[in-house]
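Both complexes below contain subunit A, partnered by subunit B and then by subunit C.
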Partner chain A sequence: MPAGVFKERYAELMAHLRYPIHWAGLALGVAVLALLPLAGAYSVSLAADAAVFLIAAIGLNITTGLAGQISLAQGALMGVGAYAVAKTVEALAAGGHSVAGMALLLIPAAGLAAAAVGLLLALPSFRLKGYYLAMASLAAQVLLVYIFKTIIDPQQGITMPDEAKTVADIYFGDGYPMYYLVIAITAVMALAAANIGRSSVGRAMKAVRDNDVSASIVGIDVARTKALAFALGAFYAGIAGALYALTNNSVAWDAFELATSIDLLAMVLVGGAGRIIWGSLLGVLLLRVVWSNLDAPLSSLGFINLVGGVDAVKYLVFGLLVAYFVVKEPEGLIGVLRRVKEYLRLWPFSY
Partner chain B sequence: MFSAAKRHPTRKEVVGFDSWGRPGDSVPGLLELWEPSRRYAEKPRIAERSILIVEDVRVEFGGIVAVDGAGFRLEPGQILALIGPNGAGKTSLLNVVSGFYRPRRGHVIFMGRDITHLPPHKRARMGLARTFQHSELFMHMTVVENIMTGLEPWRRYSLLDAALWTEKARRWEEWARWKAEQVIDLLELHRYRDRVVEGLPPGIQKRVDLARALAQDPKVVLMDEPMAGLSREEKEDLARAIVEVNETQGVSFVLVEHDLEVVMDLCDYVVAMESGRVIAEGPPEAVARDPKVVEAYLGG
Partner chain C sequence: MRARTALIAAIVVIVVVAAAAFMLAGRGGGGATTATTSPTQTSPAASPGGGQGGKEITLNVGLLVDTSGPTSGVGRPYAMGAEAAFKYFNEKGVYTSDGVRVKLNYIKRDYGYNPTRAQQYYKEFRDQYHVVAIVGWGTADTEQLSSQTAKDKILYISASYSAKLVKQPYNFFPAPDYSTQACAAVTWMAGKKPGATLVLLYDHTVAYSKSPIPAIKAIAEKLGLKVYDVNLPLKASDADAENAIQQAAQYKPDFIWCGNTISSCSRAAKAMAKYGLDAVMVADVWGFDERFPKLTGVPEKIAGKAAGVSPWLWPEGRENQPGYRELYEAAKMLDAKVDLHFMQGFMNVWLLVKAIERTDSKTLMEKKGEALKNALESSCNGDPIKLGDITPEMRYCPGNHLPFKSSYIVVWDGKDFKFEGPITPEGVDCVKVTIEAEK
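Then we have the complex of A and B:
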């Protein structure tokens, strides 16, 4: 905290942007995001993909990081959102209705559909904790993917017509319009999550995470708070799923399998559980953006095939990384950064 | 001396609060946000002076009787101590009052309403606060956040307000923060305000625990061994805080306590238990001289 800055009102303490450097950071961030398309089509699609996963990770960070309810079903909940959009558009088109712009209009509905499923997932959390709750959500994940496979999407792949992604002659399926739309929605969702995190609702969730017995003794309805955390996390997953359906050519269930859920959980744990925005962002940057660009540099290493090839090495590193952060850095990357900041603030003195 | 006589239940106004602990005019515009919650509107149905009546409670754990027909009455503004050797059932009785255990028999009547079957969070909302022997704080939250969680039942804005951070949410949060600061002032926790609870000294943690309870505007605070594991100075600080809250705000206390010095100095009324039964009750001096109590403590 910069010295000599004194707040005179509680509102100033609660604001997101408290110091000049925050404003500078915001300006820099907006500038980078606005000018990113200049770097080419690949960076646009990479950023949009990262933004979609950022929304899902923020949702999981609310459920798991803020409220402490481990969920291994976030990937399947993304699927619920994606299929809610794709299936509805498909059904409307089959019925001969106009589907113009429907892929965009249905984004909030996808969130609500996933939130409803998330509420169902909250039911075991009233009775179960920790590993057992994780197992219950794992069962839900497997069950949901089974439903996708057998009932909703037996042909593996629903492709929405282009007109569903078109509003006022602007095609939002790829390119700049898609990028700016996704980034804008992500910004709004992130801001809302940050607001919930600093509100009394967020404090109630943290209270349930830290100690559910005392949470009930200070008058917090523990079951309701857990249900809210699940529904809210699922809502974010649903929005992310709808944006996935928008930005990808087709929606297929293999994108929402257990591996996705584990990836998302790893992003939250490695980035920083409980730090809903910055923790999720760091996790996504490392495990989605950097990760997907590691193939080329890794395969150029001569010895990589001696140790099983690129994929094997990535799996190994992924496992070690998650294990290291869970054991040694429970605060995640954000905790590491905080320590670096503390160190630099005092540098060159040790205290 | 009957200390009950010298401490009448008074509800002196604390600066900024009216006698019910609502914010006054000192923060303009906040009062209309604050609607009196249900517990203020609810008048006691039974014309009874005692604020908390615990009657004939029996608690069993698989055949072992922990509490066997014990009970007590707490008058408004009183500090009552539950004493007794280990395993006498004091904490079990307290857990029945705060709603963690369902008694096999008996009633808990709080402000004229039978709350025997109410879940803990609803009792808390009626004004029944509780602190724990081993502090059960929210370890990864700061002191001020811990205190503010006690205000969650009075949240007057929706999730949507929170997400959009509307004027309504902002003003409520300001009020909550201001309210937490009142308790911080009272218990002199200024230095620790923004510190994470984990790693604070045990004496401070106990004070934060009390602060969190007081933030809920309680009528009655149940404290399970508040002095256990504290140094002499920490004990004195905590005792001073309890007396101050009791005298300025008329909050009643039920203390489960082993430190008899504290019990003698602090309490108006003592209930002694052994093997789940009440063996003596009355003013502290009388109970301390009671042969049954002496035997229970010394004869084991």
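Then we have the complex of A and C:
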């Protein structure tokens, strides 16, 4: 019996599931996701909501974590995806065409639409870095929301008809079909993102992130890599937006305002920038799942009667959390977890 | 180093376990109140009078309010009024038509005037607490949810009186819609000065502010008023308000309509006084209340020049009139101050209580929200609904939930509020104009 795990082929070394613990984790994850519906309808909608934000956070983690291009426009890019679906369905319905299943069929198109806008956002990144790039993306965020408010959705709210969310008599806008669909798409998107991170494109992005001058010296097309990073991140945002449109009763611009972009950036920073899947997942778990569930206990504790309401408490904690991670744990929760793993590996004899 | 790592390990384990527990429990570790699936029957409970003594039904009701967002200034008294009403009616006893006592278990959530969060809380109300009714708040969120509540058959009583909601099957409110109220205001203006010039101040990006504008323009044209548009942000600063008033002054208006909420409208009135604009401002129902003169800082300068629309007589000084009496008793239970918005919250819960009283326990258990909707709609051809003397007789008809059409104009005379009316707009179907304009 070998003392440890040995890899004899490159394929084994490159596999996503390399160690027994990976298999155990996969089994546990699948079991939790499969059993979750037993906990009731509300847990299903919470999980679907978290999955939507996970996709958007993974996208932002590609742009910001992997390629180092700070983006404060991920929320607005989600909006591009959501409105691409909602407006197309609305226009088709107004033209008297059948919209059956269109909310699902248009999901890839929503990703492409957002990717096209993302490419535009990449333009300033060719000349700008750091804070200046953040400002440029902030401008894009504000501009996009302004366009949503004034041109695309002046009534604040587009509701798609039910048949747009129905395929083969199954309604995907709510309940278990919605849940399984969203989870499946999320799994596919996450797997794709994991592979992007390991590919030549992903390594080029990391090189650009770490030092763009040396990256260009070794022959990486920096501009192309940045453009790709923005387009990929935006594609993920677009898919997330389309799923948002599917899982929510209506699409309105208030869901894609600056606060959403900042939330997503915080998820990436707290979870772990550069660790595309696990970093994003931890960030979403903490800042979306635990977060949205704090309302009920905080309300019942009487914080709802404060000036500023429950949010006052939540944003206080939120601010402290982000500040703590930026100062003390720049690698995010994933870094903490890695140290825990190292500690446990040698436990109880750490020397 | 080891101790620190161990500490962090402990924290991480706690966080992960907590996250898992949250997910599995499906809600935040025990909600605000009980997790009763409603309606549940518990027995025995004291039940004075009534056929089926001993039975009691508990109904979960969602209370969706803004106590921290941009409309919290009026949202807080509204929420207080609704809570007072729940306590008052629970204590007094709510009975179905066959005498079964109903306990109202309300779950309060503050959505900060953010429709997206309203949708999340709606899912919590529906999937976690299985509510039969929701007492809600703003225009954008209520309109966005209206198709969903119709699908889920949940009665939705809102503080938004948007004209669009009049045609929605599960939306109710005990007032004329915003457009009909605004039309009453224009009718009042035309009666004061025929051929007058009217400037419309409102936020051109906010659904609530925009919704009555087409109806105002339609009835103004019919009554021979000249109308101009000026943008005034909902979150206006003094500078925004002065800018808007200076734009308005170019048209030499006789009247100004303010379609925002009170902070924005009172700033505009203050700017009117500052620039000596000689016009009468009429604000909508959320733009004018007891605090208005004080908020402008110049209550004596705006005497006779500031007014508002109100579908009901305000509660001040009416402690002994039917309806208002109950309101004051409820306020006493919470030690709260009674004002217009407190009354609006109270009235919405009262309307829900009226719905319960008009249905029998069997139908209520079987059809839940649908039973309540049918109960309110039975007023169409049957007995009208009246909330004491606060409202006139109200009739909700299937497909047309406009309970009455008249409104008062409340004028600040420098010392007190004077009520003129009630005024019923005629000649233009203000609801229809609004809905068609939005298509």
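Here is the rule we go by: the second predicted complex is superposed on the first by the 337 of 351 C-alpha atoms of A that agree within 3 Å, B and C clash if a C-alpha of one lies under 4 Å from a C-alpha of the other, contacts with A are read in each partner's own complex, and residues count from 1 in each chain.
The rule we apply is simple: a contact is a pair of C-beta atoms (placed from the backbone, for glycine too) under 8 Å apart; a residue touches a chain by one contact, two chains touch by 3 or more.
This structure is a prediction, so every number in the text was calculated from the model and none was measured.
The superposed arrangement places subunit B and subunit C next to each other on subunit A without a clash. Of the two partner chains, neither subunit B nor subunit C is touched by A:L123. In the superposition on chain A, A:L228 contacts subunit B only, with no contact to subunit C. In the overlay built on the shared chain, the residue A:N195 is in contact with subunit B alone; subunit C does not reach it. Contacts of A:A204 after superposition: subunit B is touched, whereas subunit C is not reached. Across the overlaid complexes, the C-alpha centre of subunit A sees subunit B and subunit C at an angle of 150°, to the nearest 10.
Between subunit B and subunit C, the partner in contact with more residues of subunit A is C. Aligning both complexes on chain A leaves subunit B and subunit C separated at their closest CA atoms by 19 Å.
Residue overlap on subunit A between its contacts with subunit B in one complex and with subunit C in the other: absent. The part of subunit C that touches subunit A in the complex is made up of residues 2, 5-6, 8-9, 11-12, 15-16, 18-20, 22-33, 67-68, 72, 108-110, 112, 114-116, 119-124, 126-128, 140, 143-145, 147-148, 151, 205-207, 210, 438. On subunit A, the positions that touch subunit C within their shared complex are 32, 36, 39-47, 49, 149-150, 154-157, 159, 162, 248-250, 252, 254-255, 285-286, 289-290, 292-300, 304-305, 307-312, 333, 336-337, 339-340, 343-344, 350. Note for the complex: subunit B touches subunit A at residues 98-100, 119-122, 124-125, 129-130, 132, 136-141, 145, 148-153, 155, 157, 159, 162-165, 169-170, 172-174, 176-178, 212-213, 216. On the side of subunit A, the complex with subunit B involves touching residues 9-11, 13-14, 192-193, 195-196, 198-204, 206-207, 209-211, 213-222, 228, 232, 274.
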